[in-house]
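A short worksheet on the structure shown next.
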Amino acid sequence: MSDEQERQGLMARYRQVRATTEQLCAPLAPDDFQIQSIPQTSPPKWHLAHVSWFFENFVLPLFSNYRPYHPLFGHLFNSYYQSVGEPFPRPDRGLLSRPTVGEIYGYRRYVDEQMLALLTAVSNDRWPELQNRVVLGLNHEQQHQELLLMDIKHNLSISPLFPAYRDDLPQNGIAATEMGWQEQHGGLYEIGAAGGEFAFDNETPRHRVLVNDHRLADRFVTNGEYLAFIEDGGYRDARLWLADGWALINQRGWQQPLYWRQRDGEWREFTLAGIRSLNPAEPVCHLSYYEADAYACWAGKRLPREEELELALTQRPLSGNFVESDRLHPAPASSDGQWFGDLWAWTASSYGAYPGFRPLAGSLGEYNGKFMANQMVLKGGSCATPQQHCRASYRNFFYPDERWAFCGLRLAEDL
Amino acid sequence: MSDEQERQGLMARYRQVRATTEQLCAPLAPDDFQIQSIPQTSPPKWHLAHVSWFFENFVLPLFSNYRPYHPLFGHLFNSYYQSVGEPFPRPDRGLLSRPTVGEIYGYRRYVDEQMLALLTAVSNDRWPELQNRVVLGLNHEQQHQELLLMDIKHNLSISPLFPAYRDDLPQNGIAATEMGWQEQHGGLYEIGAAGGEFAFDNETPRHRVLVNDHRLADRFVTNGEYLAFIEDGGYRDARLWLADGWALINQRGWQQPLYWRQRDGEWREFTLAGIRSLNPAEPVCHLSYYEADAYACWAGKRLPREEELELALTQRPLSGNFVESDRLHPAPASSDGQWFGDLWAWTASSYGAYPGFRPLAGSLGEYNGKFMANQMVLKGGSCATPQQHCRASYRNFFYPDERWAFCGLRLAEDL
Amino acid sequence: MSDEQERQGLMARYRQVRATTEQLCAPLAPDDFQIQSIPQTSPPKWHLAHVSWFFENFVLPLFSNYRPYHPLFGHLFNSYYQSVGEPFPRPDRGLLSRPTVGEIYGYRRYVDEQMLALLTAVSNDRWPELQNRVVLGLNHEQQHQELLLMDIKHNLSISPLFPAYRDDLPQNGIAATEMGWQEQHGGLYEIGAAGGEFAFDNETPRHRVLVNDHRLADRFVTNGEYLAFIEDGGYRDARLWLADGWALINQRGWQQPLYWRQRDGEWREFTLAGIRSLNPAEPVCHLSYYEADAYACWAGKRLPREEELELALTQRPLSGNFVESDRLHPAPASSDGQWFGDLWAWTASSYGAYPGFRPLAGSLGEYNGKFMANQMVLKGGSCATPQQHCRASYRNFFYPDERWAFCGLRLAEDL
Amino acid sequence: MSDEQERQGLMARYRQVRATTEQLCAPLAPDDFQIQSIPQTSPPKWHLAHVSWFFENFVLPLFSNYRPYHPLFGHLFNSYYQSVGEPFPRPDRGLLSRPTVGEIYGYRRYVDEQMLALLTAVSNDRWPELQNRVVLGLNHEQQHQELLLMDIKHNLSISPLFPAYRDDLPQNGIAATEMGWQEQHGGLYEIGAAGGEFAFDNETPRHRVLVNDHRLADRFVTNGEYLAFIEDGGYRDARLWLADGWALINQRGWQQPLYWRQRDGEWREFTLAGIRSLNPAEPVCHLSYYEADAYACWAGKRLPREEELELALTQRPLSGNFVESDRLHPAPASSDGQWFGDLWAWTASSYGAYPGFRPLAGSLGEYNGKFMANQMVLKGGSCATPQQHCRASYRNFFYPDERWAFCGLRLAEDL
């Protein structure tokens, strides 16, 4: 591919990713842009600005005489990069009515103009470096596309009106397949990013791992199966729970997954399409690591390890219920099983450094490495993930008590 | 006045008060309607809805076959009336993006239509009762007009952009008058609402009080005077402070009034006109009871008692820097002194029941009486109070650590 | 009385008060000296040391070349006097195993020797000043005698073993008298310390107050009467409660007075004699101001005002169920009514400065004045108060949510 | 070994372990038995009772008609076994003055009599099962011997008197060795308990692991080396820290290891021998995982992985500065390096289940397995660990913010 084609390709991709972010916000009322329902979520308008700040801070000044759009935006829209200045306090993002949504769209326009001009004008010798940075920035923005959907869902869930983000989303059928099992022989395998395509630093280096004989369920645990756990007293039996999990569910009064609501004895679930009857065939979603682990214990199984799931994903095509399916909710498994997409699967692996891991140089080293404590790895992508953004080696990570990601529960077993 | 004139008069007043509320919101960006910067403030859109709910809940169903606008609005927009259902949690008001601002304006239109129809149609025998309720509802809405200004100011103060609510507000001059003193002989006096005009239940019954010889400062303490207290180490000298105040300022790191900011050694103050240089001639405002008391201690004086200030106000015309002056900030005292308006003066009197006090019957009994613990009385109205809403017997009340009201500091002394 | 007799008298009283403090600790196991069950209580060993520190800090160095017992005791045993150094953090007093109880008794011996030597040796011209200070120090120690009993009771209540502080305390009978009412004509009266005998600064100056016609119950509300309030749903009816009280009882799950326990449907009460069946004839004790106020509201009455109760006490002999009765629990009222002793009665008066109040000079000014915010006045002394320490003008004060004092509930009513 | 010899041997070991626990408490003042300085520590008297409860609950009733010593001790002295009843709240253990220390020693006597009678009387066919349980109970008590020393140290550290637990402990010399490195070829190795000797369930099953080429420091990082990190601004440079660690040290104001104190520019360290000058040759101890990790980052190294350290330990004799050395503080490394003892080394491995892990059956399954989340593995034993209790496969575990264990910092590096 010629250099010019590469430039045109990247510019097209830049435009596409940036436009997708705004399309995701199109169904929102002006009021919705402002909400931060818990410290972990961010107002949609903050996401719109932050992803632009990423280009403004990590790309534009490196290649041009860039003049920042506003002297305070670097403070307001820095997420967590301590080495580039003190970020505005995260839990207070929802308290900032100014800049307004309109002003933030103006900011986006400005950054877009500057970025596209830069992509046109940069010299060939600096092209590879620019390309790397831009690809990283676009992957970053895609992460925030998923965060936008996660956060919008949580933000809307606060209102007793149970408003729908979209009213044109399809309903899933209620037919469930039997849970099947995929066996895997033990041995030495390689995992991690193989190079060639984009990957985050935390997926590297590719390295050997020792895997034992095991088998993995070929689909997620369903709402119906999880309901049996609840009805069997799962939330009241301490023996099933990790100590931290038992303390947590008692302290917070958790008796069901995040978005389940009971009314007049009937279970309902809040979704991006509003509230609706619980579909027993759909995968159970929005549960914590502790709940996933307790269910596995109750079922006499365990959660998969990171490397087991990566191996299984490597053997399947990169397709499934991603955001492009425009369902925005997990779907019942088909007879082919359920691997990529639908939900991020909690693994039993804590998020740590691969042997020989080196973070990116400079401030971008703060992107992934400094979170390698107290979090668990999740694999496979979800119905809110851009397909292009996902791959077998992708390592998502959340704290074990966090439930607002599109996360689910897959069983594993030693052989 | 004929009955028909009374009706027309009340309808006109209804229209005027309701319109004023909306005019106060006119300068807001859509984003501003959503903010709740601290649990004590409410989003402007919530105020817009709550004052309508007051008519919907306490007026309309008593006189007509009223159909509520939405089955959940009674839950969402009930502030604290436990006896009419469980209110939506106060600290979470800012998390409700739905109903939207647009929907809330629709709600206001609906309530207005019903109210005006009722005012036209109600029978003469029920008119007095309706009139009482509507006047209460309008006074309630005027309280929320002041709360709107207080809350908007606090909400905007969070952004480091220091946005102005209005950019057409006048600047005050910097000339300060000498503080004079008004003497008052002790004796038995009457305070409380005398009847004839509207008053809240907590202003009744009118009763005798014993007052000692004393004198009151004829104006508020100024920024310049308060700055001398700060520069003298006032915030670092425990002996000047009530124990709870000392604990508080150390825990929260308070070293100045709420809206003062220091930059490069210069003091500035955030106002509804944005940030500007501290004007030494203006009354110091937005300080807690503890700060007011510590200043008085430092100055060798004390704060006035509720009855002392009421007596003084009774002897003056009900005029001053109220919201109609359209300054929205306290102004330096004139040579006539400073009594009504500008700022609510903290008194040394805790907010309690007058001898023989009876709350209103029914749910409206929750309006004032249940707050008679742990709060202090403030008197005189402020630059954010509608003049029509104020009077000498008015008892405002806040917790001693609250600073976001337009409150100020007047000195007193025994003779 | 000759100067020498005065000296001998004060030395005798010094010995008696100091000995009484230690007698109160005699029934304790070594383990009990160490406990601080809530931040408000202190370990008994801390009380033993603190009251000695009071003499060490506020008496001895003023009259002699006093050498402090230990360089750090001034830090460890300062309660809240900011002007004489930074006190050790109050909530951590129970974490100090050193100095040991034995070492603290050594400290007491040292201070006693120095004090008695000083009382012998001080010159006649400094005698009056010394006498004042010593009397204050002994009154201070008597306050801590009551605190010792309050704190020991709370500390022991934590153990499910419900240990008795003493097993030789008498049981009360179960006969209750009818509640009678004492009427009082309104008018101008004087309250406050009249001089002549010791009083704290907060009881001064004596001043006139305006009292309205009213009547006071001639005994406290009983357990039996309070049980009727509970059984009538008193703790579930928001309309009876101050807003702060309603929030509090729901947040803390309060459904009964502090030391009431229910087992198999039977009500029991923890006392300094251990746990025993609830005696319906005894006064209800250990309830918060909010509970007292809610009961009064339910009963259609109100709580007395400070001045009303002082007037009533002034008209009665200073006798009753004080600590010298050695019951350590309130007793059912006799046919003569119940005025001094048994329990401190919550009043409807917030604790503030009397007109013209001046705190003591110097650091002792921190004794009472700085607490004049957010607390309520209680009157009359309790079964844990030394009789000699009590008087009609005495103003005790606690926060409205505090229940561990021996406090009770007397009703009042306007005429 | 004959069955009778086995019985005599186990009885001797029972007596020895039980006596050792009490010897560790011999230097304590009565006051010291009661302290719980943070929720993680327990009062020494609670440890004394809890380890007896372990025999009372998990051994005696299984083999005899055992009558519990007191009906409530099962509640008071259950640590965290949800499946045998609700434990008394952990943070409140220090609030229980009753039962007294004396009563708890009586409890120990009772349990000892019953245990020794049982060990004599049990039938041969039930002997193996009893033996297993008793050995587990003795290992459990040895864990609490170390906890006693950890907790006593922390409890005493609260007092500004800096009391010594023992004043007869030796001082270390100040000569430090150069840090050497031990290389290890990568490959497949086996780790975990090999059977034959006692091990906890979490050390099983023995299994293969893949290890990469690496090297380990042959001694711990010293105080002197750590001081260089501090003086280089290590606590102020966010780039060195995990995000959770950075948030933590800023929230808690951590600027040095737990027991370091600075006075007049000189660094001192609190030890079980009281406060003394910081010895630069001693290993730095009582730091969190985050501090260990930040230091390693600053030094351009990393922390060892669990399996790397186990491999190294397997190759060394089980000897070192254990509790039997009676130093109770880590010592400078000798020229032979420093492997077992001195300090538990933080590893980079989160504490999780080994492949195929099965917890013990029944309630004892709560012993280790339920803590497999959010904690990190430490290896090697410390100066407070009984030598007999330690082994290469031992997995200790603490939360990454916990510092009161005798824990230290060893560096590792990839080759």
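Letters A, B, C and D mark the chains as written, and numbering starts fresh at 1 in each.
Criterion: a residue touches a chain if its C-beta (ideal position, glycine included) is under 8 Å from a C-beta of that chain, and two chains touch if they have at least 3 such contacts.
Note that the structure is a prediction, hence the values are computed from the model and not measured.
Chain centres were defined as the mean of their Cα atoms; on that basis the chain farthest from chain D turns out to be B.
Per-chain CA centroids place chain C at a distance of 46 Å from chain D. Chain centres here are Cα means. That of chain A falls 38 Å from that of chain D. Centres computed as Cα averages put chain A at a distance of 59 Å from chain C. Among the residues of chain D, none is in touch with two or more other chains. Under the stated contact rule, the graph of chain-to-chain touches is a ring, a single cycle where every chain has exactly two partners. The list of touching chain pairs reads A-B, A-D, B-C, C-D.
Taken together, the chain D residues at the contact with chain A in this complex read 80, 82-83, 188, 207-210, 212, 238-239, 241-246, 289-290, 293, 302, 348-350, 352-353, 355-356, 365-366, 370-374, 400, 414. For chain B in complex with chain A, the residues that touch the partner chain are 29-37, 45, 72, 75-76, 88, 92, 94-102, 155-156, 158-161, 163.
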